[in-house]
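Following this line, the structures themselves.
Two complexes, one shared chain (subunit A), two partners (subunit B, subunit C).
Up next is the complex of A and B:
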C-alpha cells in the first residue's frame, strides 16, 4: 500500500507538515502523526455526508442539477445583486482566494473572511501598535517561557504544544514533557495518598492537606521550559502549566494592565486583580522577566469578549514592556488552516486583510461598517456566496437569519449547516487532500498542500469553480451591455 | 443567585475537542449535533438547580433562548460560568452587537439557566427550520 509522507494537515493554523497517509484504492485509509481532528478530516473525504452533485432549491426542496446549471444560476444571482456578500475563504487555498477577490471586484460586493469573527480585533490592534513576532521554528528551538492566554491548544490546536512550544524538543531548549509526566505521577500519587489517609486516619481533610503540602514542590522550580496559562476555566492546557492564572470572565484587560505595572516595578495597592492574588501575579512576572526568550500566544478568549481589540492593545503593550527587560514575542493562535493566508491574499490584492467593500468600484475597509456581520445585521446584502466556511453555524442568529433570507450560494465539500439553508450548493474538492494549493501557517510561513487522492467524479477544486463563476458573470454582464446598447 | 430554580450565569462559547472532531466528520453527523447542543456547568451550580448530568436545561439571554443538555464540567470549578461549544445552538443566545469593530460578543454574555424537563433539545434540522424556516 502506498504511503505518502510529509503531507500538510489542512485543519488548523498549526499546519503540521509531517502527516503520513496510507492510500488504498484511491482512498485515505490510515493517518499517522495527526491529532484527532486531522484524522477525522483526512478520513472524511469518503464520508457519506459529502455532497457529490450540485443542488438547486426548487419549491423549498433540493433537486440535483448539472454543474453548468449551478454555475449559471450562481453567476445570475451575483450579477443581478446590488450588494452581495462573498464570505468564507479560510479553508481553501490562496490561489482560490485570489480568484474570489477578483469576483468580488467584478460584482461590486463585500468580501470578508472568517477573521472577522476570530482574530479581526487582533488585526485591528496590530495595525495600530505593530507586533514583535517570529516563526514557530524560532520558538521551538529557543523559547524558554511559553504563555497561552485565552486559548486552549489542547482542544483547538492539539499538536501545537508538542511541535512548537513546551513539549517540543528544540535545539537549544529541551522538552518539558518529562517534567510534566513526573508532575502527573506525583499528582496521582498524592491523590491516592490523600484518599488512603482519609480512609485510614479519619482526620479532617485540611489536616492531611497541611501534612502533604511541603512534599509537593511546584514544578516551576525546575529547570527547562516553563509554561504559563491564563484562562477563565481550568482547561486541559491549564493542567499542564507551571503557573495557571484563572482570570474572571471579561477581566483580561485589567489583568494585563496589572502585569504591565508589575513588569515596570510598580506597586499595586490592591490584594487581588481580576480575582487573582497579587502575590501570585508577582511570582508570574518574576518568571516572565527572568526568562531568556518568552513567547505569548493568545486566542479568542481575548478577542471575543470584554474589551475585545483593547485587550490585544494591552497584550501587545505588555510584550513591549517585557522587551525592555528581556526578549519576548507574541502571536495570535489562528484557527482555520488558511485564515492567515486569506488575510495575506486580501492584503496583496486590496490593501486590507478583511472586510473589504467593492461597492464603489474601489476597495474600502471600515470594520464595523464593511464587516460581514454588520452588513447582515443591517439587512443590507441582497445575495450571498459562501466558500469554504460555515457562517450559519458560526454567526449570531440574527446575522445568520439575514444570510438565510438572501439568495444563498454555498461552495464546499460537506453538507454543512450553511449548505442546508442554501439555494444553490456546489460541491468542491478538499484542498490539501484532493486538490493542491498554498496555505499560510499562523506564523506567516507559506506551506504547500498536497493532492493525495482524486476528488469524486465531476467535483472540481474551489479555484476552478470560482474561475468558471467569474467568467460566467463577465459573460452575463457583456450580454447585458450589448442588449442595452442595442 | 437562585430564584425559583433559575440561575444567573455568564455564558461563554468556545471550542471543545469533540466539536473540533465533529465538525471535520461532517455537520449532519449525530456526533456533531451531540457535541454542540450541550452546556457545560459547574457541579455546584447543577446542585443548586437540582439537575443531573444530561438533564435538559433552557439557556436564555437578551437575544434568545435555547434548550440544551446540561453536562458536568470537567474544567470546574467555575461557578456562575456556563460553556456552550460553538455551533447553531450557541448562536441562538450569543450577543450579535459588534461594537463598531465587526466582532460579535461570543464570550461573557449574561444569561439564565433553568431546568427544562418537559422541553426537547431540537435536532439540527428542526433547529434550522425553527430559526430560519429553511433546511
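Up next is the complex of A and C:
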C-alpha cells in the first residue's frame, strides 16, 4: 500500500507537516503522527455528508444540475449584484483566495475572511501597535517560559505544545516532557500509596498526608522550561502547567495592566487583581523578567473576551515592556489552517488583512463598515458567495438571516447549514487532501498542501471553480457592454 | 513581433554609447541588429532619451517582512489608492504598495528589473508568491544566509567547501539569486535580545566573529562563481560612528580581491556612513568612505538615499529595528525566523527640519557625488527604508542639478545645511552617468548579462524619457527631468510596449530569475542525506516541504552556474 510522507494537515493553524498517510483504493485508510482532529479529517473525507453534485434551488427545492449551469447561474447572480459579499476563505488554499480577490474586484463587492469573527480584533490591535513575534521554531529552540492565555492548545491545537513549545526539544532548551511525566507519575504513585495506606493502616488520611509530601516541585522557581496558563477555567492545558492563573471572566484587561505595572516595578495597592492574589502575580512577573526568552500565546479567550482589541493592546504593551528587560514574543493562536494565509494574500494584493470593499474600484478598509457582519446587519448586500466556510451557523442571527435572504452561492465540500439555505451549491474538493495548494501556519510560515487522493468524480478544487466563475462573469459583462453599445 | 525605436538619444554605457542619435531594433523580445522597417511597429523617439530599462539592486518589494509592513500600516494606504482599469488591477500605496501597484509603478518610471534583497529562506515561498503577483518587471531575491546556523557552524569549523555546498543547496532550494548578509552575527545574538558590537565581537553560543562570517561567505561566493558579490548590510548600521565599521568591513576582504574585481557590495551605504559619538555630535562620514572607495576596486555600494517623507523602515536587522523603536516609540513589529534570521519593522518620518534626518539626506548624495567612478555606486533608496522607490525621479534631479540640491538645501535644518558638504560639490551627473547609476552599473554588479544595456542579444527592456538633452540643460531644467523620469514616454518590457506616457497599457507577468547552482554530482547526494538527517533538529518543517518548487514562480528563469565544489 502506498504511504505518503510529509503531508501537511489541513485542520488547525499549527499546520503539522509530518503526517504519514496510507492510501488504499484512492482513499486514506491510515493516519500516522496526526492528532485526533487530523485523523478524523483525513479518514472522513468520503463521508456521506459530502456533496457530490451541483445543486440549484428551484421553487424552494434543491435540484441536481450540471457544473456549467451552476457556474453560469453563480456568475449571473454576481454580475447582476450591486453590492455582493464574498466570504470564507480560511479553509482553502492561497491560490484559491487569490482568484477570489480578483473576482471580488471584478464584481465590485466586499470580500472578507473568517478573521472578522475570530482574530479580527487582534489584527486591529497589531495595526495600532505592531507585534513582536517570531516563527515557532525560534520558540522551540529558545523559549524557557511559555504562557498560554485564553486558549487551550491541548484541545484545540493538540500538537502545538509537543511540536513547538514546552515539550519540544530545542537547541538551547530541552523538552519539559520528562518533568511533566515525572509529575504525572508521582501524582499517580501518590494516589496509589494513599489508597493502599488507607486500606492497610486504616489511619485518618490527614495523618498520612503529612508524610506524603510530593517528590516533585511544581514551582515556578525551578530551572528549565516553564509553562504558565491563564484562563477562566481549569483546562486540560492548565493541568499540565507549572503555574495556573484563574482569571475572573472579563477581567483579562485588568490582569494584563497589573502585570505591566509589576514589570515596570510599580507597587499594586490591592491584594487581588481579577481574582488573583497579587503575591501570585509577583511570582509570575519574576519568572517573566528573569527568563531568557519568553513567549505568550493568546487565543479567542483574550481576543473575544470583554474588552476585545483593548485586551490585545494591553497584551502587546506588556510584551513591549518585557522587551526592555529580556526577550519576549507574542503570537495569536490561529484557528483554521489557512486563516493566516487568507490575511496574507488579502494584504499583499489589497493592503489590508480582511474586510476589503471594492465597490469604489479600489480596496477600501474600515472594519465596522466594510466587515461582512456589519454589511449584513445593515442589510446592504444583494448577493453572497461563501467559499469554504459556514457563516450561517456562526454569524449573529440577524446577519445570518440577511445572508439567507440574499441570492446565496455556496462553494464547499459539506452539506452544512449555509449550504442548506443556499440557492446554488457547488461541491468542491478538500484542499490538502484532494487538491494541492499553499497555506500559512500561524507564525506566517508557508507550507505546501499535498493532493493525496483524487476528488470524487466531477468535483473540482475551489481555485478551478472560482476561475470558471470569474471568466463567466467577464463574459456576461462583455455581452452586456456589447448589448448596450448596440 | 518587431519594433523599431527611431531617432532617440541613446545612452547605453555598457556599450559605450553616449547620447548618439540612433535606432534600436527589437525582435522577439531581444535587441537585434535590424528589423524589416516596413513590417516593424515604429516608435518615434525624436528628441527623447533612450536607455535600457532601469535596474534596482536593492528594493524590499515582496515577502513576509514587506507584507507585515503592509498589514501594520493601513494609514499608509488610505491616502494613496490605485483604481482598477480595463487592463490593470487595483491596489494601494504608498511606502509599501500592494504587489500589483509595485509592478505598475516601477514600469511607469521605466524600471524593468528589481531585486528584492532580503528573503528569509524558511519563508521563501511567501516571497515568491508575492514576486509572482508583481506584474511586468523581472525580479529576483537574495536569501538571508549570514546568520544561518549551518553557515555559522561550518565557518567556525573552517569547512569552507562544506559551507559552500550548503549555501548552493539553499540558493537553489529558495530560488535565490545572491548571498545576503545582514548584521552578521547580530541576528543570531538577537535571538536572545542581544547584538554584536564590532567585527571581532564573538557571536553568542557559536564562537565565531562577524569578520569570519564575512570573509567566509566571500570565499564561498567565489567558490560557487555566483554572478553577484556578497550583498552586505553592515554591523552597527544606523549608529553614530559606524562609518568606521563600514571601512573596517571593506578592509577585511581587501586581500580576497582578484584582478580588481569587486568582492563585496555594501548596501544602503548612507546608513553606515555616520560619524560622531552620539546623535548630538552626529556628522557625515561620506568623505572618508568615498576616499576609501575611490582608492579601491574590490567594493561596490548603493546609496540608500533618504527622502523627506513618511515611510516604513524594514530590515532583517532585528536589533537595529528595536533601537529605532526605542528611539521613536512608534509601532514595532519583530519577526525572528528559526535557525536563519530575524526582521523588524518601524514606521518612520524623515523630517527636513530634523538635524539628523537632513544630514542623512545629505550623506546619500555626498556619497554618490564624491565617489568618482559611477560604476561603483548605485542609486537606491533601500525602498522603503530611506523612502519609497517612487522618489527616484527626485534623486535623479538632485544628482543632475546643483540647482535642485540647493533648492532643497535651503529648506532643511540650518545646522545640517551649514555642515553639509553638498554646497562645496559642483559635480552634476549627465545622462550617461545617470544611466550607469540607475541601470548599467547595477546590471553589471549583479552579473546580469542581458540586462542594463542595449547591445544585440540583450533583453528588449527599454525606457524612453521625454527630455531633449540637445535643447534643454538638465542642470537648469531639473523639474523637467523629474517629470520625464516620473512618467516614462514608453517602457518596453521584453519587446512589448507596456507603458505609454506614464500609463500602463498591459498587465503581464515578469520573470523570476534564480541561480541553478550546479555542484559535482556525488556531493549533491551526500549533501541531501546530511541535510535530511539534521533537518528535524534545526527546523519545524519537513525537508520535503522546505524547497520552493518552480510552480511558485509565475515565469521561472533559471540561470545555470557551475560551482567549483
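Assume the second predicted complex is superposed on the first by the 453 of 486 C-alpha atoms of A that agree within 3 Å, B and C clash if a C-alpha of one lies under 4 Å from a C-alpha of the other, contacts with A are read in each partner's own complex, and residues count from 1 in each chain.
Just so we're on the same page, a residue touches a chain if its C-beta (ideal position, glycine included) is under 8 Å from a C-beta of that chain, and two chains touch if they have at least 3 such contacts.
Computed from a prediction, not measured in an experiment: that's the story for all the values here.
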Which holds for A:399: it touches subunit B only (first), subunit C only (second), both, or neither? first
Partner chain(s) touched by A:327 [first = subunit B, second = subunit C, both, neither]: second
Would you sort A:127 into first (subunit B), second (subunit C), both or neither based on which partner it touches? second
So, A:142: does it touch subunit B (first), subunit C (second), both, or neither? second
When the two structures are overlaid on chain A, which partner does A:164 contact: first (subunit B), second (subunit C), both, or neither? second
Please indicate which partner A:350 is in contact with in the superposed arrangement: first for subunit B, second for subunit C, both, or neither. second
Quick check on the superposed pair: does A:105 touch subunit B, subunit C, both, or neither? Answer first, second, both or neither. second
What part of subunit A is in contact with subunit B in the complex they form? 11, 36-37, 40-41, 44, 47, 49-50, 60, 116-117, 120-121, 124, 152, 154-156, 158, 232-236, 246, 249-250, 300-301, 303-306, 308-309, 355, 367-368, 371-374, 377, 390, 392-401, 404, 414-417, 420-421
Can you list the subunit B residues touching subunit A in their complex? 10, 12-17, 20-21, 23-29, 63-64, 73, 75-78, 81, 83, 86-88, 91-92, 94-96, 98-109, 124-125, 128, 131-135
If you look only at subunit A, which of its residues touch subunit C in the complex? 5-6, 8, 17-18, 94, 98, 102, 105, 123, 126-138, 140-142, 163-164, 171-172, 292-293, 320, 323, 326-327, 329, 343-345, 347-353, 358, 360-365, 438, 440, 444-448
Contact set on subunit C toward subunit A in their complex: 62, 64, 66-68, 70-74, 77, 81-84, 89-92, 96-100, 122-123, 125-126, 129-130, 133, 149, 191-193, 205, 322, 325, 331-339, 342, 345-346, 537-545, 549, 552
